[in-house]
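Sharing a structure here in structure tokens format.
Read from first to last, the chains carry the letters A, B, C and D; within each, the first residue is number 1.
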Amino acid sequence: MAIVLGENQYGKAENRLFRVYRDTERHSIRDLNVSSALRGRFEPAHNPGDQGEVVPTDTQKNTVFSFAEEHGVGALEEFGHALGNYFIEAHPSVKGARVEIEEYTWDRIQVDGAGHNHSFVRSGSGVRTTVVNMDGEGDQCTTHVVSGIKDLTIAKTTGSEFHGYRKDKYTTLAETSDRILATDLVAKWRYEQNDVDWDKSFESVKALLLQTFAQTHSYALQQSLYRMGEVVLEQHPEIAEIRFSAPNKHHFLYDLERFDVDNPGEVFHAADRPYGLIEATVQRDNASEAGSAWHGVPGFC
Amino acid sequence: MAIVLGENQYGKAENRLFRVYRDTERHSIRDLNVSSALRGRFEPAHNPGDQGEVVPTDTQKNTVFSFAEEHGVGALEEFGHALGNYFIEAHPSVKGARVEIEEYTWDRIQVDGAGHNHSFVRSGSGVRTTVVNMDGEGDQCTTHVVSGIKDLTIAKTTGSEFHGYRKDKYTTLAETSDRILATDLVAKWRYEQNDVDWDKSFESVKALLLQTFAQTHSYALQQSLYRMGEVVLEQHPEIAEIRFSAPNKHHFLYDLERFDVDNPGEVFHAADRPYGLIEATVQRDNASEAGSAWHGVPGFC
Amino acid sequence: MAIVLGENQYGKAENRLFRVYRDTERHSIRDLNVSSALRGRFEPAHNPGDQGEVVPTDTQKNTVFSFAEEHGVGALEEFGHALGNYFIEAHPSVKGARVEIEEYTWDRIQVDGAGHNHSFVRSGSGVRTTVVNMDGEGDQCTTHVVSGIKDLTIAKTTGSEFHGYRKDKYTTLAETSDRILATDLVAKWRYEQNDVDWDKSFESVKALLLQTFAQTHSYALQQSLYRMGEVVLEQHPEIAEIRFSAPNKHHFLYDLERFDVDNPGEVFHAADRPYGLIEATVQRDNASEAGSAWHGVPGFC
Amino acid sequence: MAIVLGENQYGKAENRLFRVYRDTERHSIRDLNVSSALRGRFEPAHNPGDQGEVVPTDTQKNTVFSFAEEHGVGALEEFGHALGNYFIEAHPSVKGARVEIEEYTWDRIQVDGAGHNHSFVRSGSGVRTTVVNMDGEGDQCTTHVVSGIKDLTIAKTTGSEFHGYRKDKYTTLAETSDRILATDLVAKWRYEQNDVDWDKSFESVKALLLQTFAQTHSYALQQSLYRMGEVVLEQHPEIAEIRFSAPNKHHFLYDLERFDVDNPGEVFHAADRPYGLIEATVQRDNASEAGSAWHGVPGFC
């Protein structure tokens, strides 16, 4: 029996990169959180401690910031691909890379009814994400892209039922044909291909998720999520599968009868913990193998 | 020398109240975080431990939720006033009350270009706040209202300078005539009177703060804040003073010269800590006394 | 009517200063979070925007780190005093200063039964805090010190009752003679004088708070806090007053009768929100005026 | 091409269970955060929305709390196993279960040199974790246990070097033979078997991790982690592999030369973001297949 190094990667996490485009008076911004990680021939770094093949995380950081100027920041997926490709091409020891990016969105501040040229306010409906995983060099390199959205807090105040479930001795939940359904949606979808109009695809998927959530009469969060995934796959052939992680954020009807007050579905306590947690994948039955696509995708790996 | 009880209050903090209006098919919601605190003749509760005059925090919670149905939730300030008034009127031991409320805002989900009737997505630009302080009973009762906004993240990518400051042996900061100015704004304003159209006042102040931030050519965050306060007071006679607490969220130009890359104000590192912290009050010179208005206003008391 | 600048201060917040003492092989560390703020003649900085008298927050940061080497880090209160004094003495525009410090504590890692010379593990029972407020120059300078502890999570599993409280139509809480009492204690005490053995005083107060919490049979969190404050004042003549902010972290007995299971005070749900919040001051009746002592003491100002 | 349901599970997350043992006057407590998730025949719940086979998350919650009384809370791993086994045995639709548990530790409050019978203070060095994954029924059921520790903040103030690494055009990091090494350690280890003295194994692994971190002269965080894993595997035959996720929490020497102040490795800025992130697995070369063991292990799956 021997003790050996198994899976490993290392990098610089959470580079808070703020990129301004100021070529005209009408500035625009990309506000990113970029994490890189490298995989490869790093046994000596671990044992006995020889760093000769190691590209320091500090260097990775410098590369991220310099690429933002040298190559600009287009779609997150392209920026991630450019970085991963560079690390693999430039360094023989690097055999794979993961680049994870979050984007925070900003709106222009309204002044006299028009968006200001260079003043912005953070908007809040969801954080765009991507994880680009690349493995192998040159022609042998396979690239996987999993993009998504997180922190998308949504609710519907009717059109949600929950009943007919299995009972046992620990069942105390009352069945209901009208409840509040609320979640902080995390959705991540794996692309089947890499020649995608990433920004357009993202905007469309986000809109479909919101719209389908709104339009689906719900018999369970599971069923809403499934329908949301189904609509995305129906309309986006470039997507192989979509995964959801969605807390069921309980809104409990407050018992006001005790005070002789009627509560016809109007006053709720929004609880913190515990919460339901629904995780589900919707996929094509002929989807390609996921390979390392979900490697290091937070919450889904 | 004796040891005595000094200032004290107690209550139920962070009641997460979700109020749905569903009188028609077009629902609307108020999503609140309500904290109550009572002041009064509570020496015996502390020493020797006699709770006979104490209104339990659990009862305060029930009252908050029941009032949301009995009286509805109008402007935060009115809801706070109704609660505070009730606690003082209903309980002889209660001589004062503080009600603090935060409101989280939601937009309707867009479906086919129109807002959905009962499906919502959390929006993100700032949390509305109020603290209502009431002291004394009946005709003797004085009411103070401090309303505000927090978590309003704003930035401008030019139109901000910082130079001409005092130097000493520890000065290393380079002067600049073009930097990024960014903050998570907290603003709280004290109302001079209580007959206010609260919702309208809030929306107007928020718009003025954003607009003035955008339009002010800045020589320091202090100066931007002062101008923002000045505009609010100029246009809102019902407001006696406005206080700001604003981190200077540093965006450091990333040094790319080391890699032979020019960085003409385009690539920045958005730093976490430390940050500048600017606190300032703008007020009328004939404003009324603040009294207990700022009592328990988080960050400003 | 004119619009004028009111109270204001500015500084560098949250300098994460890590100071190593390595004069011998047995190292020791002080792990601090230091925030400075200056008050004074800063009207021009706000309006019209003239920074000539402003000591930049960047300079304040440099000063904090350099003082950690030049003067070393002794008791937090001394370090805060040295910084505040310097800012006031060195800069004519600075008329007052606030220095706030948090300290995170570390234990030595145990190796073969002994503490290691230079390896440490963060310990968790509470964060030591201080706020030093100084106003005026030279002989006119008054100094206030408010020290404390926060994030001190404590619980007792019996010896806590709650009954005999006032009832009204919203009362539903059951009275109990045996409940769990738990809080995340925040305590801040104001020193009457400045010639104190600060470290010794802190350790003694912390021990008294813990011990008195344990030994007090509780009829309410208010009563426990009062007794804790009383004991501190009885044994610490250097302390003028002590203030508490203590959430009543509810542990609800889980109803297992529904499953024919007895629950004799053994299984609880530890709830998040809402929570009771008890704020109380215990003071000497002949204590000096607090002046600006509580200025900018988070949660108590 | 058809759209189908892929991997899925659902459950109740973050049940904050506080279990008191009060059989004698000397109480003891287990303070847990328990999350359950079930896998199985849940296609109908997703599409078309038939919940007939679904065990509601509310029922799972009730079961968790009732089991804490019915079966008591022994080692986390045993409690997780009992829950998972019950869900699979009691419900034909349930084919697999994951139970994740965190434990927060408390010390007795010291009174007159002795630990108090029923008063406790939260301690801070690390949170114990486990994830028990069970798949299949009866004799066919396989059980995987991955236990670990998180939030274990450790540092050494010397005995850490970093040099000899690969350079490129983006390299600016200075090599060093003496730096601070600090991390918030997350370690998770997979057990090879299920007849383990869980509490004893955990305490031993934790002690070995701390001790080996202290005693290893470090040439990189990778190398420290590898050695820590190696020692654990050498001494714990019941463990198949151990995985680490460890931020390299940078402590930057503060440049005081600019102020003519020497800084011989004494004053550091403890930075927040970005941070290095080192992920590594140390394993036996003859370890069993991991199967679903890492399914839903936060940060490692």
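Here is the rule we go by: a residue touches a chain if its C-beta (ideal position, glycine included) is under 8 Å from a C-beta of that chain, and two chains touch if they have at least 3 such contacts.
The structure displayed is predicted, hence computed values, not measured ones.
Chains that count as touching both chain B and chain D, per the definition above, are A, C. Counted by C-beta pairs in contact, the busier of A-C and A-D is A-D. Annotation: the chain C:chain D pair of sequence copies touches via predominantly the same residues, more than half of the used numbers being shared. Taking the mean of C-alpha positions as each chain's centre, the chain lying farthest from the centre of chain B is D.
The distance from the centre of chain A to the centre of chain D, each centre being the mean of the chain's C-alpha atoms, comes to 23 Å.
Averaging C-alpha coordinates per chain places the centre of chain A 38 Å away from that of chain C. Centre-to-centre separation between chain C and chain D, using Cα means, comes to 31 Å. Each of residues 15-16, 62, 66, 170, 172, 258-259, 272-273 in chain B touches at least two other chains.
Residues 1-16, 35, 37, 42, 45-59, 61-63, 66, 90-91, 93, 162-168, 170-173, 218-220, 222-223, 225-227, 229-230, 233-234, 241, 243, 247-248, 273-286, 298-301 of chain A are the ones touching chain D in the complex.
Those residues of chain A whose C-beta lies close enough to touch chain C in the complex are 169-170, 172, 258-259, 272-273.
Contact residues on chain C toward chain D in their complex (touch as defined above): 15-22, 27, 29, 31, 62, 65-66, 68-70, 106-107, 109-112, 116, 118-125, 152-159, 180, 207, 210-211, 213-215, 251, 254, 256, 258-259, 261-272.
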